[in-house]
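So that you can tell them apart, the chains are marked A, B, C and D in the order they are listed, and the count of residues begins at 1 in each.
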Amino acid sequence: MELMEKHGLTEVTLRGSDEKWSLRRGSLEPPVIYQQGPAGMPAPAAPAPLAPPAGSPPPAEAPAAADDSLQIRSPTVGTFYISPTPEDPPFVTVGSTVKADTIVCIVEAMKVFNQIPAEVSGTVVEVLVANGDPVEFNQPLFRVKPG
Amino acid sequence: MELMEKHGLTEVTLRGSDEKWSLRRGSLEPPVIYQQGPAGMPAPAAPAPLAPPAGSPPPAEAPAAADDSLQIRSPTVGTFYISPTPEDPPFVTVGSTVKADTIVCIVEAMKVFNQIPAEVSGTVVEVLVANGDPVEFNQPLFRVKPG
Amino acid sequence: MFQRILVANRGEIALRIIRACREMGIETVAVFSEADRGAHYLDLADEKYCIGPAAATDSYLMIKRIISTAEIGNVQAIHPGYGFLAENAHFAEVCRDCNIEFIGPPHKAMAELGDKVSAREIAMKAKVHVVPGSDGLIADEKTALEVASRIGYPVLIKATAGGGGKGMRVAMNDMALKAGLKSASAEAEKAFSNAGVYLEKYVENPRHVEVQILADNHGQVVHLWERDCSLQRRHQKLVEESPAPNLPLSVREDICKAAVRLVKAAGYTNAGTCEFLVDADHQFYFIEVNARIQVEHPVSESVTGIDLIQQQIRVAAGEKLDFKQRSIPCNGSSIEIRINAEDPAQNFRPCPGTITKLRVPGGPGVRFDSHVHEGYTIGPWYDSMIGKLIVHRKTREESLACLRRALDEFVIEGVKTTIPLLRKIVSHSAFIEGQVDTTFVERTW
Amino acid sequence: MFQRILVANRGEIALRIIRACREMGIETVAVFSEADRGAHYLDLADEKYCIGPAAATDSYLMIKRIISTAEIGNVQAIHPGYGFLAENAHFAEVCRDCNIEFIGPPHKAMAELGDKVSAREIAMKAKVHVVPGSDGLIADEKTALEVASRIGYPVLIKATAGGGGKGMRVAMNDMALKAGLKSASAEAEKAFSNAGVYLEKYVENPRHVEVQILADNHGQVVHLWERDCSLQRRHQKLVEESPAPNLPLSVREDICKAAVRLVKAAGYTNAGTCEFLVDADHQFYFIEVNARIQVEHPVSESVTGIDLIQQQIRVAAGEKLDFKQRSIPCNGSSIEIRINAEDPAQNFRPCPGTITKLRVPGGPGVRFDSHVHEGYTIGPWYDSMIGKLIVHRKTREESLACLRRALDEFVIEGVKTTIPLLRKIVSHSAFIEGQVDTTFVERTW
């Protein structure tokens, strides 16, 4: 957090209209701050390389998938966490019902823990990323059946 | 002719089945030997460059043209002459009737004067090359209407 | 040495850095915007991460996302290339605070040299000539006339808040100065709500000569000789070469030594460039420092045989330069031209599009640095450079011949390019004779 | 100097010659067979003439048509490149009889060095070591044993009419020699109806080292240092480099001086190459002269900075070499690899086809000489070389690093190529350590 203070990085203003960021510092809820490499959660020291197929077209805007399911995508590049702390249960699992403002995961970028809302309504049918994995901008994180 | 003797270039053996060469040396007919740059015939000292369109497909095998006419093509690279000597009339002109063995022109290569037979029968409808011009291998020389 | 470096850039310079890293056995992490997804050069990185949409402000300029990628990519250093964040001292500081080395100068030196006033002070302290002028704003007409008399005509009247030529006048004598002061000041007031103006000696038809510097963290500073970048169009460099033609060796050495003094005085390390104006009498005046690698670095690589990107990485990793000034040659002549997707018929407007046919020159003396290929689409998002053609031959005459034949070999279809203009330039007698200044292109075409 | 030259070749070497001429301001006349019609490099010539059908015997090898084109194209000289008519002394003579200069050696010197027996005699006269052996055919077993005792085992029994390894035996001792003589002789009788055999010292696992020579018509002969071309597959060179690795400077100088002596003794002028075998003890033996420019000439251009094709043209035009032996450097390290359209899975059978995708390496230290491009069709008519990748860096280690990264950048789709094998070679410890001989590739893969 020292870094955040120093460089004013708490002022996270995102330009994309579909990006919403929640910053914990100073919020009423207790801040969710992961220690680097806590017990029970493998630290992503040497993450597996991401390899989107070269030359593939840019992913279509969410919601859009091969079937009628919707996708929840990452609004930033960072590390994906499925639960608020290693001890807590996941925000959502397959079968969970989500609404637009349901927090579905956290993507950490520069020690800032961004709570990601679903932005769509429906039932989670697939979690596409493993806990602790690096994710890219716009990478699909969940598949959601609308309704 | 000195050069021809020295290097045995009278032995002109051509591989293409559609190529026929006539050599004058030692034949019964009087040899047709042009002097370099004779009066009345401009010597092709600096011939206009040939410019077949780059990337164009190789010319189709004769006979084959856009309309139903046939083409007489050059069996070698050299200089095109329309008449036996500058003083003589042309071998053929537009309107001339030709048979397969009619000599239609001379293509000179290395001081060897190759009489070119028509190889087709019909009426000459166009002379495609100017007297004294350089011609490439397989370049169309005449258009002939079959019959 | 670093095991893993993030390349915080795109296009040809990203490819250039990846190439250097591959030769050094260093792994690379590339970042890309959605506009660059699928670009061939990204396949040459060991890892690649999409960091945002096409707009640079949301991707290549977004510090947080670059740093976040550096963290998940587990790199030890970031190479910023040129443009984007390369001269952003704040970014350099953030990197280092995150224990990720920024491959570039110390952020303090970068900030000081980035400010024109403090850079000018450092230069004067290092006894490097700067363009003479008023020390600060002109209070009144009388002061202006005194300053002009001291520095000599012609003088340039410049608005302190100026930009784009607004509030700028050249005065050849006292009368013109008096008139110019009034109109420049009024124009500046109208354009910038700031009537403040200052005076500078007007360097007529100057040549633009810059010196490539390399400095390690152990006190050694060397120059890699100079580059002449006079051939510009609207302050965009078109052609760069080394050595500068028609500049006596003694002048070249003096400029290079001045640059070394300046860089030492600034406490600057890593690669950098000191830019100078050179007038018709070979007087040279410091203008500014470019605190980064430059587009035209290959011409210095050609004549010295030193790989500048590799050296940047070595310096950032704390290594000492393994050569001395006296062992840096200036072999032969090297010329670079920039090929941009611009339409000369439409006032050089950037011309995005897809390259439908591409034939690139090769053979002896030719280097081509480019990320494009047949089928590559040049988008509207970033700069319009298609690639850089660099030639290197024993003499300038041979380099020019090589450049001309290489330019003639180019076939680029699908987008308009600056090649027709470049062909005219390299065949123009003024360029062949090495007699061009920064106004040549606009005066001639 | 010539105003106009005919290029009597095709593909990359035709393009190479056209490039040299363009840089020299000389016009070019290209010839092409119907198989090469529409090739991009032909557009770079000032004129081009179709001279025959695809088969080389009816086009590129047909002297009469080449000369006829030279006449209608009004050229003063013909550059034969390599292959085709390049070492045809008769062609050289015809050219000169027609008052067209043949850009190559005197036809007499070419003919003498083209004959292995007379070349050996010239070498011995010039005090250049040749592989020791019997002087002529072996009369009987007793003579064979005497010769073997004189030159030392192992010895090679060779059929005088031999070829393709037939009638060839290696003998390590007297007993093996006696047995080998009989079987080799019988095999030769059967294969060639000529039982004659002779003996030569067997050079074990030799390195192939060759010296680039340049000689003008005014008595000056210089060498451009050596090339190591040990990396071969079935006598086809795959990789060439200069300087030869792990060869002491004194040996390199001795080989180069020997080559100069030999060329002087032969009255040879223009560019040429003397080939040697070098054994494990750095003893070298002359094998033959290549009386033409060679495929691998660019590595010598890189380390010396001399454009060999331009020099060939200057020498043919009667100019004096404008440099001396002592001013010819051997700067850095240069390596060339040949990229062929061959299928390694099918015993390197030539693999014609259309290149559907092509990404070519670039950046510092990289030169690519090739006539191909995306969409180019490699036909079945001529050799299968796609292009030559040449790197040049300060040290061999850096050249190897540059070569590896450049090879990794290549993408060629549509035809199978030797790139996978080349990638293995340049990463193999024996090659990296400079410890390969002419049998390395076949022993290893």
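Note that in this section a residue touches a chain if its C-beta (ideal position, glycine included) is under 8 Å from a C-beta of that chain, and two chains touch if they have at least 3 such contacts.
Keep in mind the model is a prediction, meaning the values are calculated, not measured.
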Next item on the list: Remove chain D hypothetically, without shifting anything else, and describe the chain groups still held together by touching.
Entry: A, C | B
Notebook entry, point to check: Where the CA atoms of chain A average out and where those of chain D average out, how many Å apart are those spots?
Noted result: 61
Notebook entry, point to check: So what's the Cα centroid distance for chain B and chain D, whole Å?
Noted result: 39
Margin query: Distance between chain C and chain D based on Cα centroids, please, to the nearest Å.
Written below: 44
Next item on the list: Mind pulling the residue numbers of chain C that touch at least two other chains?
Entry: 40
Next item on the list: Go ahead and list every pair of chains that touch.
Entry: A-C, B-D, C-D
Check: Inside the complex, what are the residues of chain C that reach chain D?
Finding: 15-16, 19, 22-25, 40, 44, 298, 301, 305, 307, 331-332, 358-360, 362-370, 373-374, 394, 398, 401-402, 404-405, 408-409, 411
Item checked: Complex interface listing, chain B residues touching chain D -> 3, 6-7, 9, 12, 15-16, 44-47, 49-50, 52, 54-58, 76-79, 108-110, 112, 134, 136-139
Notebook entry, point to check: Along chain C, where are the residues that touch chain A in the complex?
Noted result: 31, 34, 37-38, 40, 42-43, 46-53, 55, 57-59, 64-65, 67-69, 71-74, 90, 93-94, 97-98
